[in-house]
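Paired with chain B in one complex and with chain C in the other, chain A is shared by the two complexes that follow.
Entry: the complex of A and B
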């Protein structure tokens, strides 16, 4: 026997409202369950602003995912502490030296090729050279920043930093904690000795740079140059060029012995659960439009050969094979293996 | 039939603090101490093995910087504590004996006000004052008192100045409470019996305020030896402390095991100093186990 209930209008409305409420509450969680999340590291400052305002939202829209971006240093120890099969990041963005340390720990992949990331086919050779773990998306050139209001001639050689007139007003980095300092230390071996790995020559040259003002990050060096606390210091080109148009008496010089590469490297963690998305993100970051946007925002030289920058940027950044050829890439694998000894020795040299 | 004693209400009140202490001190310290005895991270590296090499590395100090760093840490901690005590004690005494409530409130606000600003901001403020192109050196050069800037920063002097400024409020607040509870009539009685101001202070007020000196000193010492930001910014490469070395090991050498060993060593050495200090002050005050 079938009982037949008559549903009142009020009951029908209640039921509809209930279903709508369930749908409204449940839908985001269902949607969230379907939306994948890509966990990345990225820089702060102007770079971070552009990433959050433009680059990442466009990526999320195109790839129908959410991006969780960590800007809080240090990245590698956090990755080190997370489980290998469920890493805290899917994509690790660091400078080259940290990628090498991460590779030794098994935290990142060895190489990123055009097979996984098609746009790798369009990068300059330095971006995927044997000195790189992962793939370089941008580089800046480490050279000498100097004040233009102190009567100094534009430096042409790394040796100009040792000019006695600059005693106490030259700037460098706390070598154990800064990759620019480490790169400059190796360059001392090349300029004063047999090559980048000539440690004895580098130690000796470091002595001649005393007294020197040392900082632990590039932002501090920028402030020292801007305030006049330092008249000449080791810095990357974007750290000077970003003040273009602000009437600051500072300029950048690329020494004749060559400029050092400060690569922005992306890599994927082997345990990532969204590897395809991670590779997609790296491919996206190498797209000419994204490269142009970021390069012109922060004065980084794009790794992609296909990028055409506006004239102002094109004139100063490393955008041709000839300019790129002036880049010197340190062997970070070699350096990291000796880092503890070098740290101890340079600490003793620079103390006091 | 088993009977369960009901926990006292005090136990319930203490439980959150105890839980906090276990979760945020005992547990992290245990993990750090355990890590210091492994070659790698045993949680995700199956090849990690037990070793004492991190302690040997510190003990034999073939690099020649670790013992110096420990000594430098302790020296900065002790000097900061002594200077903070010398500045903080008269201020605390003045505050504790102040009759005007308004005056007391204003001085208290002045003492607490710097604590409302972050340590990084305060340290950068000291940098603008003490650097070569800073306020002091610029004025000295302008007035013709010196030809070249005085070395006020990137050394232990600058580090101690900034640390003292940051930690003096801790000393003052601790001492004010203790001195405020000392009965003023005891000092007055001493003076009525012929003691001068100085003698009454040295023989009556000072011994009675020793618990405050001990508590304030330990607080400032503990904060100073564990300081990282201020020694890093103010000391440059001329100052290397154990917290700076620990940060280097974690952040740039990616060696949490050696960092753990350095942390354990810093804690042990600090404990030895604290116990010794406690005993000396207890002996001076004629009491035992003050803290």
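Entry: the complex of A and C
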């Protein structure tokens, strides 16, 4: 039996010559495939370091393409300004609020399903819920960061931020420009009123938080907590956990009313010329090995149910259905529709 | 007795003048001093008062490929912008003063208009224009954009020199037999050089520190230093930002000093 399948030297040479001929004929198309470029947006910081050092090179190698990763904000205005039929990005990575505003302008797709991206079948329901445009690949939990060396009890409620003892040492965001600030504003409506859309209750609650130190970026809030300029502030869990092992007197608390989801969302632009590659990239980002690598590098909770993180990360991140159930997803479509009015009102309230 | 005769009476006006100058200097230099303090403070966050002196943020800045690539790109772009601005701006100023052009006032306003338009709009408009004609965002597109906002500085400083220019010197050279080209290179150019190069210094600094125009025109792996610093700040607000600022300030200062040495900007200041 074995001898029948033996290949002679002559046959081997013929087969090689045939393969070489096929390769030569097919070379232009292969070359074309190899030089395709996928244009994406991505974050900077540690996330960007891991993406550039490991994740993107591996993707380029596997998919025989090059990835042009833009880390320079602002992404959405650049996408808006580029032609719809030849967008500047193929894959848009932003938080959820910007995906919704992009959808309104027809800049991104409505939904990403398992049909286009098979690994979508393995994500937690929140990652593709009706509050999401595109697909969530990671999430952080927005809660309260606090100093452990100031004699403060670990906060258990969002109301703890209004404690008069924290006057001047509590931290928040410039709401018009920061999605954590916007999410926290909606949470005030839920905690002090009838729900996330109770604007009157939220405005009233915002008054009680004064005086409050406001920042533009989460990175600034991290540093204000580290420096002790702020004793308690609104922040996402990864912004505190990333200092794990550095002997910093800061910790994160998820309030009992629930933590807000700060989703990392990927979406494809309808005019992309390399849609298959764009879907392939999202599928790749949802692979358990890629999810684990990035989750443990930056302390983001993976959206894939199939990921098994190391014990240290598993204990703190949202990696079980029960933990994921504590996530509250704001309705960004509703918020964006009222953003101008809200911006004007909150600016007036916090101006003093 | 002699001491008493030499003693000048207290001059309140002079004292107020001195105090105002000192206040202005403090106002101008205090931010630089604060940046230096942050750059030398070893804590992983910007804090005051400092807890020590360390060069760790300078080390981080110089060890980062991202920062270094951005720094070299910014220097290269600014150098090319300097050269282009001097050529274009100098020529425009000469044409405006000597060219007997119709609508000279309008043309002067037109050349100055990039200074009146918000730079972010200039960047956005060029970004759209580049994409519409299908050239993408090449580095020469960035250079052109920077040149557009830098040229008015050269025009303005050159015009100032040309308005004080004694044309009889040129006429004397011509009467003595010098060709128009020789008059230009040996008489006109040396006399307007301080104004042109003072504008060039502005052009270099405007390009090197340019953020709003660059924001839309830089490409991945081809970002200028101000853009890289802005993005860095969103995620890592540490002393590396302050170290980068110090390096930028020192580089800009070096360029001014080198040009002063080479062409003597003091001559222009005296005009």
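Here, the second predicted complex is superposed on the first by the 318 of 352 C-alpha atoms of A that agree within 3 Å, B and C clash if a C-alpha of one lies under 4 Å from a C-alpha of the other, contacts with A are read in each partner's own complex, and residues count from 1 in each chain.
By our rule, a contact is a pair of C-beta atoms (placed from the backbone, for glycine too) under 8 Å apart; a residue touches a chain by one contact, two chains touch by 3 or more.
Just so you know, these numbers come straight off a predicted model, no measurement behind them.
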Message = Using the superposition on chain A, tell me whether chain B and chain C clash or fit.
response = clash
Inquiry  = With both complexes overlaid on chain A, does A:227 touch chain B (first), chain C (second), both or neither?
reply    = both
Query = Who does A:45 touch here: chain B (first), chain C (second), both, or neither?
reply = second
Message = According to the stated criteria, A:204 is in contact with first (chain B), second (chain C), both, or neither; which is it?
response = neither
Task = Tell me which partner A:76 touches in the superposition: chain B (first), chain C (second), both or neither.
result = first
Request  = Answer with first, second, both or neither: which of chain B and chain C does A:88 touch in the superposed model?
outcome  = second
Request  = Mind working out whether A:105 is in touch with chain B, chain C, both or neither, as first, second, both or neither?
outcome  = first
Message = Let me test your reading of the model: by the given contact rule, A:176 touches which partner, first (chain B), second (chain C), both or neither?
response = first
Task = Please work out whether A:213 is in contact with chain B alone, chain C alone, both, or neither, and reply first, second, both or neither.
result = first
Key: Partner chain(s) touched by A:340 [first = chain B, second = chain C, both, neither]   = first
Message = Quick check on my understanding: which residues of chain A belong to both its chain B contact set and its chain C contact set?
response = 73-74, 77, 81, 83, 227, 229
Query = For the complex, which residues does chain C have touching chain A?
reply = 43-47, 124, 127-128, 131-132, 215-216, 218-221, 223, 227, 230-238
Residue ranges of chain A touching chain C (in the complex, touch as defined) = 43-48, 68-74, 77-78, 81-83, 86, 88, 217, 219-220, 222-224, 226-227, 229, 246
Query = If you look only at chain A, which of its residues touch chain B in the complex?
reply = 73-74, 76-77, 80-81, 83-84, 101, 105, 168-169, 174, 176-177, 213-216, 227-229, 339-341, 343-345, 347-348, 350-352
Query = Quick one: in the complex, what on chain B touches chain A?
reply = 41, 43-44, 63-65, 131-133, 148-149, 154, 232, 236-238, 240, 247-248, 250-254, 256
